[in-house]
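The chains carry the letters A, B, C, D, E and F, assigned in the order they are written, with residues numbered from 1 in each.
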Amino acid sequence: MASDADLQKIAERTVGFSGADLASLMNEAALLSARYNKTEIAQNELILASERVMMGPERQSHIHTPKERELVAYHEAGHAVVASLLPNADPVHKVSIIARGHAGGYTLKLPLEDRKLTTKSEYIDDLAMSMAGGEAERIYLGGDYTTGPSGDIQQSTQLARAMVTRWGMSDIIGPVAIDTAETGLFVGMRPESDTTLSRVDAEIRILLLQAQQTARKTLSENRVLLDAIVAKLLEVETLEREEFNTLLREHGIVPKEKTEQVTQSFFA
Amino acid sequence: MASDADLQKIAERTVGFSGADLASLMNEAALLSARYNKTEIAQNELILASERVMMGPERQSHIHTPKERELVAYHEAGHAVVASLLPNADPVHKVSIIARGHAGGYTLKLPLEDRKLTTKSEYIDDLAMSMAGGEAERIYLGGDYTTGPSGDIQQSTQLARAMVTRWGMSDIIGPVAIDTAETGLFVGMRPESDTTLSRVDAEIRILLLQAQQTARKTLSENRVLLDAIVAKLLEVETLEREEFNTLLREHGIVPKEKTEQVTQSFFA
Amino acid sequence: MASDADLQKIAERTVGFSGADLASLMNEAALLSARYNKTEIAQNELILASERVMMGPERQSHIHTPKERELVAYHEAGHAVVASLLPNADPVHKVSIIARGHAGGYTLKLPLEDRKLTTKSEYIDDLAMSMAGGEAERIYLGGDYTTGPSGDIQQSTQLARAMVTRWGMSDIIGPVAIDTAETGLFVGMRPESDTTLSRVDAEIRILLLQAQQTARKTLSENRVLLDAIVAKLLEVETLEREEFNTLLREHGIVPKEKTEQVTQSFFA
Amino acid sequence: MASDADLQKIAERTVGFSGADLASLMNEAALLSARYNKTEIAQNELILASERVMMGPERQSHIHTPKERELVAYHEAGHAVVASLLPNADPVHKVSIIARGHAGGYTLKLPLEDRKLTTKSEYIDDLAMSMAGGEAERIYLGGDYTTGPSGDIQQSTQLARAMVTRWGMSDIIGPVAIDTAETGLFVGMRPESDTTLSRVDAEIRILLLQAQQTARKTLSENRVLLDAIVAKLLEVETLEREEFNTLLREHGIVPKEKTEQVTQSFFA
Amino acid sequence: MASDADLQKIAERTVGFSGADLASLMNEAALLSARYNKTEIAQNELILASERVMMGPERQSHIHTPKERELVAYHEAGHAVVASLLPNADPVHKVSIIARGHAGGYTLKLPLEDRKLTTKSEYIDDLAMSMAGGEAERIYLGGDYTTGPSGDIQQSTQLARAMVTRWGMSDIIGPVAIDTAETGLFVGMRPESDTTLSRVDAEIRILLLQAQQTARKTLSENRVLLDAIVAKLLEVETLEREEFNTLLREHGIVPKEKTEQVTQSFFA
Amino acid sequence: MASDADLQKIAERTVGFSGADLASLMNEAALLSARYNKTEIAQNELILASERVMMGPERQSHIHTPKERELVAYHEAGHAVVASLLPNADPVHKVSIIARGHAGGYTLKLPLEDRKLTTKSEYIDDLAMSMAGGEAERIYLGGDYTTGPSGDIQQSTQLARAMVTRWGMSDIIGPVAIDTAETGLFVGMRPESDTTLSRVDAEIRILLLQAQQTARKTLSENRVLLDAIVAKLLEVETLEREEFNTLLREHGIVPKEKTEQVTQSFFA
């Protein structure tokens, strides 16, 4: 184990891993280290191994049609552009159009600090970044939709629901907990009225529609940058943080500061 | 196994097959190859065998009444005409009024490319093609309905529901996931309000009514073609791709380009 | 087994029979053949045996009160008159006021052709024929109701529900599948809104009220025929097809053409 | 077994009896016969034994307070008066204020004929007869209610519900089956909308309120007869059919004709 | 066992006792008799023992704060005053501010007669007596509420629900049984519409608000008596029937007549 | 065991502890006593040990970012300021920004007396104190929200629900018990109408919005005190009662009187 290996950090990003998953992670890390002729397992290999276990191996064998390859590039570039431009979103760590597991491509985010608490502003920008994949597709397709953003839609709905029903972030609903675990114990009984659920639905929908609107506006105002990232992705397939930041700087955008923790979102 | 046998392709079109189904497929393919005095099992026999396992054997022994035979011909010709004329629908691979399994006839579609992502425009045309079976029946019957399209109605409703609740393809509902799997875990609890479900129902109904309208308009504007296909089907029972395309060309329609993957819909 | 025995036909009319039911059917057919001194089991005995297994043995021992005997006669004659006069209803095969199983009497229908597909027009007339039992009772009772039509009401409601929710036969609901099997798997969750269910209920109710209205009108316009059939039934208890058709012709009505398949409805 | 013993009749009135109940019935009948020094078990003893098994033994040891004794007398006399005066209600077989099982008293009805079919008119009068127990109590109490009629209310609601939802006896609901058994199989799913259930509730309520109104009107118009029956019951505790009919005739009312089958209702 | 021991009476007031509870009761009665140097177990000891098993032993060790002691005194005095003044309420048998089991104090009622039937008027006064505990607290606290009446609220809601849904005591709902046991067997299905449940809720709420209003009015009009009982309770902790009646007489109120059966309510 | 050890008190504050929890508590208390070179376990060590078992050990190793440390300080200071200023809230026993278990910091309350009964006024101030954590965060963040108050929101919602549905503390709902345990036994059946639940939701929401409003107003009117407590917490991390009271006095506020029982709320 190399001296920079930080198992605490790895533990934090592998919440939910089973024992078998962790064994698999260590195995992958050892294989990667061996492949690079290293005698120790360093933090970098641990991170790569955790990504592999989380998202599955890269699938170079899967051949996209040209149109689908461009769609995936727009989707991922959309995530990356919005993440780079909204003030409270985490910066981009890596963008790729290499298929991985069920995902056609992926965009890794890099949080600005190792925070425990997230603010509503940060979630608002997270939602917009999530919506940006589908919105970039629609720019490419002239307004048409695909099934591509279904994973983004599901995760964003869950986040928006938690904002409204657990964290008191909707002024319409107020600081009220709704559908909490202990009430779910009464099978088939829901303590809230349909009126309340209707207001919750409306608030979730507004959060997501506003996020979609923000993503659409940001992308259409930065179409040149979007097209440049797409072009580069179609050429090199994967952009590491520094390559991506160079592209940003070429378009007059100052990249955000580096932090340590890495989370990911990817196109499914 | 012949050199053109592509098990990956066969695997993709036999999603959901049990081990017994796959054993049955290989057995059927071997029997077909033997019947044609071939020493190898080619891709064509694998495909025919997969159709047989999926839809059951052809049932020449089942004798339709003359009226039912014409109804089935109109139903399948309806699917085929709309598939050929709508820009985003897959072209027709085969049309038949030979009963098969529970189906009175069937129409096989041929996707234009081996795509992973489907667009809303493609689904919209799929829905219209699906509705075209029943609409062609109604043209034949002077407006009356039969139980024939019940399978088409069920599949179309499921597709329309996914468009509205999973893929964000309804602007009224927005990019919101509804009735997702993880919420179904709370037995008897549904997170959405009745107001939201009412809007979802309305959107599904509009998608299907518009598809029905498109099918009806396309068929009534191409009645000569419809009748010609029906006449041919009553004569020869099955139209392969080339025979069908010849009919299209005779009526001034340019058939769509060929692709590889074959999916099917059939009249139940 | 006689040369006219057609086991395929028998199989079609014994859908839902258990193995024990089928054993019972063959046993009854053998007994009937023996009773008639036949050395082979002919199609006629197989049909009589299937009726006996379906509806139970005739129950001559059950003595109706005179008033109930007349009620049963009006009920069955009502079914028979409406079946004979509506253009899309199947003609009458047999009418009887002999109690059988739980039924006080029964009317057997004879479909005009061995069809697989049923049209909305045919179902509309089926519903009216079903409602005619109760409506004839009400003519006899001067408007009062009995519990007699409860079986007719339950079967008609199921048919009307399928027309509206599975076969797209309601223009208000459109070609939408409602309450499908796969959604029922989520215990306690119903995908449709109450608004949609309310529209479904309204459509079912309209179908049944219109059928009741059609039955009432047909019976009151043919009161002389109705009374004649009742009088004959009270005299001879069972009218075979030819006796019944003779009555129709005496009242200036041309009986419908014969077909092969026999289905039945009976007064419970 | 005496020659008049009719086990078929006994079977019909002991629907729902377990094997142990029937053994108990025969035992009671033998004991009763022995008590009367009979060497055979006659039909009368079988009936008395079945009543005893159904309603429990008479409970002379239970001492009502004087007020409660009068309440019970009014309750049973109420049932008896309305049964005697409404044209479609069954006549009274026996009235008693002797406590039996959980019942404070009981009134046995005697149907006019051994009918299989019941009409709406008969059920309407049955409901009024059922409501008459509580209404007679309210006359005695000057408008106050007791818990006495809870059994009558529950049985009447079930009957009214069946009239509305199974037998098509409500013109508002029409000939529609609601909440049928096969739909109940989908746990937690109810096919009908809340609008329909609301109409059903309204129809049930109207039937019961009208029955209550009929009972109240009949009793207040025959207060002299009601008081006379109460006075007699307080004196002799049990009125057999002939004693009861004598009272009716003394008040100028012609008792209904006798029939065979006996059913019962009693005050709980 | 003393000659006045009436096990029938004891049985009636120990409905719901398990075998272990009854063993415990006899044991307690024997201990009490021994403590009083009696050689026989008399009815008085049996009653005291049943109270002890029902409500738990007295808890002298629990020290109320002075404010809480006064609150409990007002709560129990509230029950006692309203029970004494409303014409249909049972008179008071004992009032105490000694904590017992989970209860901070208790008031034992004494029914006027050994009745089987309860009238609406009696339940109306019972509800007011139940509400009087909380209302007396609010007089003491200047309008504030405590958690003290939660047991009274729960029991009163159950009683009011039964009045409305089982005993026909609401003219708005009528003589209709709602939510009966047999309908509950269909898991998750409720036969009544939301409109009906809404009316039931409204009727329950009106009964309880009127009871609260009656309690408040009775207490404020008899504030001198209330304060006198509180003062006496704070002094002697427990008032037996005769001491309590003396207080009533001192304030010009004639105590109700004695009866035998004792039921209890207590402050939890 | 020291003479001041009061196991009754410890028992009262460890309601819900398992046997293992209690063993753990005694073990911790012995270790603490040993660490302080005491030969007996005193009440103080028992209390510290119970806190440790309840909230987990202090987690000095967890390093907040500076921004998060300030957020936690504002959150806890918010609880402490409102607890000190509202007349019916319990005074502060200890405030800390040392992470403990899942909590980022904690504030221990000290009830003014060992009461059994809580009034609505006290709960109203409890709700405001609970809301004060999030409101202080929003002052620090300029109006933004974090996920920090989710535990406060859940507990407050439960308390507000009990006030409305169990303790009759809402004049709109009245003294009615809603969703009681015994009705939950009917799986999937809820006795109350949606109208009633809608009113309950509205009442809960009003209680929580008013509490939030009170917290916000109290904090903005005492911003100097809030900032002073935050500054001190950032310096010393934990404020014991006397240190905290000194701060209050420096800002002209008289601390509330001491009592014995300690309960706690903490930031999760």
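Assume a residue touches a chain if its C-beta (ideal position, glycine included) is under 8 Å from a C-beta of that chain, and two chains touch if they have at least 3 such contacts.
Computed from a predicted structure; not experimentally measured.
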Exercise. Measuring centre to centre with C-alpha atoms, which chain is farthest from chain B?
Worked result: E
Problem set entry | Classification of the chain D:chain E interface as same or different, half of numbers criterion | different
For this session: Take the average of all CA coordinates in chain A, do the same for chain C, and state the distance between these two points in whole angstrom.
Result: 62
Seminar exercise, completed: Rounded to the nearest Å, the gap between Cα centres of chain A and chain B is 36
Problem set entry | In chain D, residues with contacts to at least two other chains | 187-189, 194-195
Seminar exercise, completed: As the complex stands, chain D meets chain E at residues 64-65, 67-68, 71, 104, 131, 134, 141, 144-150, 152-154, 156-158, 161, 179, 184, 187-190, 194-195, 197-198, 200-201, 204-205, 208-209, 211-212
Exercise. Hey, which residues of chain E end up touching chain D in the complex?
Worked result: 113-121, 166-169, 173-178, 180, 182, 186-189, 191-196
